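In what comes next, chain A is part of two complexes: it sits with chain B in the first one and with chain C in the second one.
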Partner chain A sequence: MTVVAQTGAAGFLARYEGLKDHLPGARKPWLNALRADAAAHFAARGFPTRRVEQWKYTDLAPVAQASFAEPLTMVDGAIALPAANAPNRAVFVDGRFRADLSTLDGLAFRATGLAQHLGDAESHLGSLAKPEAEPLAALNTMLFEDGLLVDLPDGVDGGLLELVSVAVDPGRPFAFHPRHLVRLGEGARLTLIETATGGGACLHNPVFEIDVAERASLTHGRMLQEGSGAFHLSTIYARIAAEGTYDNFTVAAGPRLTRNEIHAALVGPRAACHMNGAQMAGEGQHVDTTTSLDHAAPDCASRQTYKTVLAGRSRGVFQGRIHVHRVAQKTDGYQMNQALLLSEEAEIDSKPQLEIYADDVKCSHGATVGALDPDSLFYLRARGIPEAQARTMLVEAFLHEAVDTVTDETLRGALTRALDAWWSRQAAAA
Partner chain B sequence: MPAVTETIETVQAATESGYKWGFETDIEMEFAPKGLNEDIVRFISAKKNEPAWLLEWRLRAFALWKTMAEPRWAAVKYPPIDYQDSYYYAAPKEKVGPKSLDEVDPELLKTYAKLGIPLREQEILAGVEGAGSTPAAGRMPIAVDAVFDSVSVATSYKERLAKDGVIFCSISEAVQEHPELIKKYLGSVVPQGDNFFAALNSAVFTDGSFVYIPKGVRCPMELSTYFRINAKSTGQFERTLIIADEGSQVSYLEGCTAPMRDENQLHAAVVELVAMDDASIKYSTVQNWYPGDAEGKGGIYNFVTKRGACRGARSKISWTQVETGSAITWKYPSCILQGEESVGEFYSVAITNNYQQADTGTKMFHIGPRTKSTIVSKGISAGHGQNTYRGLVRIGAKAAGARNFTQCDSLLIGDLCGAHTVPYIENRCATAKVEHEATTSRIAEDQLFYCRQRGLTQEEAVGLIVNGFCREVLKELPMEFAVEAQKLLQISLEGSVG
Partner chain C sequence: MLKIEGLTAEIDGKEILKGIDLEVPTGQVHAIMGPNGSGKSTLSYVLSGRDGYEVTGGSATLNGLDILAMEPEERAAAGLFLAFQYPVELPGVGNATFLRTALNAVRKGRGENELDAMQFLKLARERMKALSMSDEMLKRGVNVGFSGGEKKRNEILQMALLQPSMAILDETDSGLDIDALKIVADGVNAMRGPGFSALVITHYQRLLDYIVPDRVHVLIGGRIVKSGGPELAQELEAQGYGAVQAAA
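Our next item is the complex of A and B:
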């Protein structure tokens, strides 16, 4: 008798049914209830199709039709880690925390693997994620095995912390769904630098629940750089209390399909949120940034700048929604998304969206799409700069704007290197 | 200061009368039985003495409609519509060919007088023979087609237009007189199965205007249609078709009103425009259907499909709309830019006050090379009004050098209303350039203060600022309409400033 591997949603649901008594925290009733609830949502909706408005431009069919195994055994042997950006780092291999590869000693706060500390996560886990609304969050909740747990006490300056996620190619498609919980107490500060690398046909489906208390400040830099066979579908939920700040800078370049989805809610007066990013795609790749920003308190400010560069047969998507609630008077919201098309076969789809229910607000968005400006190219060439170099200058200038506002030099350096690395690969390929 | 005088006058008028077009004309009407089925479609077609192919066409639309679901994606809320509880055909019983004003039904004349149509044009509208040969002194002549509930009651200036070969008549007449044109173009821009409301319209449309401008003709006057829903429980399903042949030009105006009623009435129109090489069509609308009362009771559901095809090279279609009325507006006048270097424009002002809801915008499909489009949308929300701009700019792979510029501005008056912007941009062409800008704000305190300091009342000041906010759009309107539109803006905002 042959066993037919089940694909897509059915495969994941079957896996959940088979594993549910063995998943981390299986003896905790609250967690079992959370997982069962998420499984019910995922069973009801499956992977979203393009008929779902939020997925109009990104087709998950390649994910929904594939059959993914789970990385059951721990990977042994040497693992190639990306160069360190900070002395303290938490390393995850195939979604599992590896204390042996991490350096987290002497921290003034807790940063560790979630699986071993689920008992402490009850109040945080599931408090922000919405499995009923986002099927990928449901999938994550149903099957997560591990993740990063960061908890900064009030007033602590955590400095830099690095989160490294490595996928080791086992030669067949596999999936992992880490759940990362980050909590900053009142007035705490942290810069979190995240790098996702690795090869193979992996589905990396992380969910972040980020809770920023009053006057706390989290800067979250992300470099999504898995190999060209990978699917990276990440969903971030952030809640920012009064006078708190959450800054997100994402560079997405590498995977076959990237979805960078961020839901941020400004829930206290004078909270702020910056969401910036650059996403790039070359031949056969698809990049999608989808943001949703809730202004749910007065006097909050938000800034978003997203850049997309497309080469070859590729597709880029930007969807950004700003929702200003009735109470959110004196809101100052700004969003800009710009796309550069370097190829005849690229496609960009953009949907900036404002939903405003308060009257004393200042909200604006802008979107532009175009090719490299021929006048600028001509200007540079007229000054003796070869065309290839002129193009590089213009593309880099375009991309760097997304990370210009990063104040932490280490983070800005890392993000800039990630941007430039993508462009050199593209230029070399062309 | 004429603007101020105007404002004061308008505000006074508004305070006295509210929605002054809310009267009902007591006129003898002929109805088809309530409800919607194949027999009604056949009844309408028979009443209009239509050829067999058109009946078939309607029946196909009806069959399609039955398989379709009402769209629910717009940001508007309303209770389910009972499509069986409405009359699909209502016509004033008229005597054929009145020879003088005395023979015209006096109720009909009164209606036109109340609507503010000048006496001379009333004569023309009522079809008094010989009345249309000379335009009233000092005014540009405007040819008018008036549609009363389901049928076109009169078209003026026909003879003058015929001299240039321009055809301007009701669509029922065109079906009889110019069947070849109708057969060729009807449904060629908005097919029967395009959407739920277009399918409904295709099945039961009762009248509307038809315009054909021959090659190289610049239409000698503005053409205008006046729509009026009068009878109770009627839906209005008019169909307008405008064809501008090579090198021709036409400007077309559309106005609408309806009596005040507590129940909601459905208006599902379809407008199709076709522009050939070097032709240009300018389509202006001042929509002032009854918006419902201050508590949101009653009003028109304005669910309209308007689309123009720029088929020829260098053709141009320009939509200008001022949407002040209707309980709910669901309307996206669009341009299909097929011909190379063709141009599409959309200028819109939409106001929602009290409990009005508007979900409106445009779609620009860039297909041909070097096509250009401009979108300027101004949304104003007051009271509990909800105002959404929803638009699509799609640039196809072959639209090399295409260009789009979009600007959407929203103004909020009061903290119970909402303003939303949902633009979709889809670009498959590297050499295209697309720009989109949107802002949302309220009337600045310093602007108000400045006006108040100069002796303007709060309402006058708001009126002045709102008019300034809408100027970019209003200036696109033909003169007479622009004045009318300015007044309407103020009336619509009546009661929103406190």
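Our next item is the complex of A and C:
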């Protein structure tokens, strides 16, 4: 048999056709229907092009034109895991849950691999993701093999949980599409610390479906740090019920192309959502944060603060949409994005988008773009601090503001180290 | 000793300093007075190495070293200190981190050992006490949320920590009430001694009641038009710059 490597969307569709009877959950009609529906959407639309409004500033052509293999079925040998931030962690290698590398004993809630527990996921899987609207979610739904399943019963304080994703470089481009399901029952609490690392030309295309029940609180810290050959395209869907909170802090630094897309919906009164992050890019890299926030209930609050630092020939994108529905009176929405350009060749595209249909709301947004302030730099140097060190102090100060509001010290420490590590690499390369 | 000879400098092609000759011997405090736009701040920036000022002629040496050829941080290590007229705010840079980094950079430049966090804190608290500053100001961002007086005291604290041999105080009195002015002046006077010189740039005579200079120079139109003893400051206060300018 001759295998013709197909590229882009056709390649993924061919893989789905070939694998669909063998994918996890292939004997479950509801899941087959979900996958078939997603495949139809993906077949119809393929990878989004820049003609699509939401992808105007981020070109997926390098992904669409590449040919990605499946990850190896079994990765042998030692896996280099990032340093642990918490005692409990779920480890995924090339998108597959590795119980042997994970430490999840003695938890007061369930945290495990999705592939083995698909029977319990019917009500959750696909309840928030929109394959009809987001082609990457369609691709994920069509081909996901595994993911993290977290289910906190009412009132449980889950403490810290780590989600570690490691991509092992097989020496050729490969793709994986984990589906992560996180559900917090009423009044439950969890801090989820996610780290994505690994090398090679991988396409990591995770989709999260996050369901936060009434009075529950999820803090989700993310460190997207794959190597410079990687494509990281993640889509998060979060639904936050009355008085619930979803806080997302993302540090995106490393991959060739990163898209951090978040869709959050505040669906009950007095729910809150904070989305903060720092995204950095150096020579030849592209980072994109795209958020979409639905205020669909009254008295909800949302805060977004994003920082972008660009060096070399790089590009950054921030798109932030806030949709305040007619019922969402007394909405308090705030969005700020600030970019620091360290080179003449760097470019930032910033697009806030407020759609307000209620009449009694407080919504504001702002954007700033600039270089390092020469007066600040001179002040530090006049105090004897060498220029390179002065630049480091100012860049780190700019970035650290993005994580200032993280109350959990473990998470703040991890995020800060990720920020500083990026700058150290960048400063060393310059 | 600071020695300036025939110094000329311009900004965007416009000549601001038109030939400054000035010597501040070691151990002395000199004042430079002058009206707005006379070149006072330009002189302080040229000496400390700010970008955007082009030296077109002349020289400036500190203890025999050609400071104009140095980077700003090298000038600081060589013993030069500029107390800014408008200290910048640095959100996200902790004041304690900033002060310790600056102190250790300068110590390193001078071939001295660096201080660890404990040694630094002990020293900083001691110096802050003398300036009536609360420890809490170490925890804030550099100058962030500081009042005008607190910013100026923070400048003097930096001077007290870095122990320069030559300090330039650029309108340090602006924005200070009388109590803050006394604290700042005490801070400067405490530094006075055989190893310390200062150039006090001011618009008004008031500061010079508290920091009594050895010499006063009048800068008008980019030149020093008159020099004299401390009594010259009172003369200027009584008669204004116009009289000096007319006589010059």
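As a convention for this text, the second predicted complex is superposed on the first by the 426 of 430 C-alpha atoms of A that agree within 3 Å, B and C clash if a C-alpha of one lies under 4 Å from a C-alpha of the other, contacts with A are read in each partner's own complex, and residues count from 1 in each chain.
In this text, a contact is a pair of C-beta atoms (placed from the backbone, for glycine too) under 8 Å apart; a residue touches a chain by one contact, two chains touch by 3 or more.
This structure is a prediction, so every number in the text was calculated from the model and none was measured.
Superposition of the two complexes onto chain A shows chain B and chain C fitting side by side, with no clash. In the superposition on chain A, A:Phe378 makes contact with chain C only, while chain B stays out of contact range. One of chain B and chain C touches more residues of chain A, and that partner is B. Contact with chain C, but none with chain B, is seen for A:Ala397 once the two complexes are overlaid on the shared chain. Annotation: apex chain A, arms to chain B and chain C, angle 70° (C-alpha centres, rounded to a multiple of 10). By the document's definition of touching, neither partner reaches A:Gly244: not chain B, not chain C. Look at A:Glu387: by the touch rule set out above, it reaches chain C but stays clear of chain B. Annotation: superposed on chain A, chain B and chain C show a minimal Cα-Cα gap of 14 Å.
In the superposition on chain A, no chain A position is in contact with chain B in one complex as well as with chain C in the other. Taken together, the chain A residues at the contact with chain C in this complex read 373-376, 378-387, 389-390, 393-394, 396-398, 400-401, 404. Residues 48-51, 71-73, 75-77, 81-82, 84, 87-88, 90-93, 97-98, 101-102, 105-106, 109, 141, 158, 162 of chain C touch chain A in their complex. Chain A makes touch with chain B in their complex at residues 53, 57, 326, 329, 339, 341-344, 346-371. Listed in rising order, the residues of chain B touching chain A in the complex are 73, 397, 410, 412-442.
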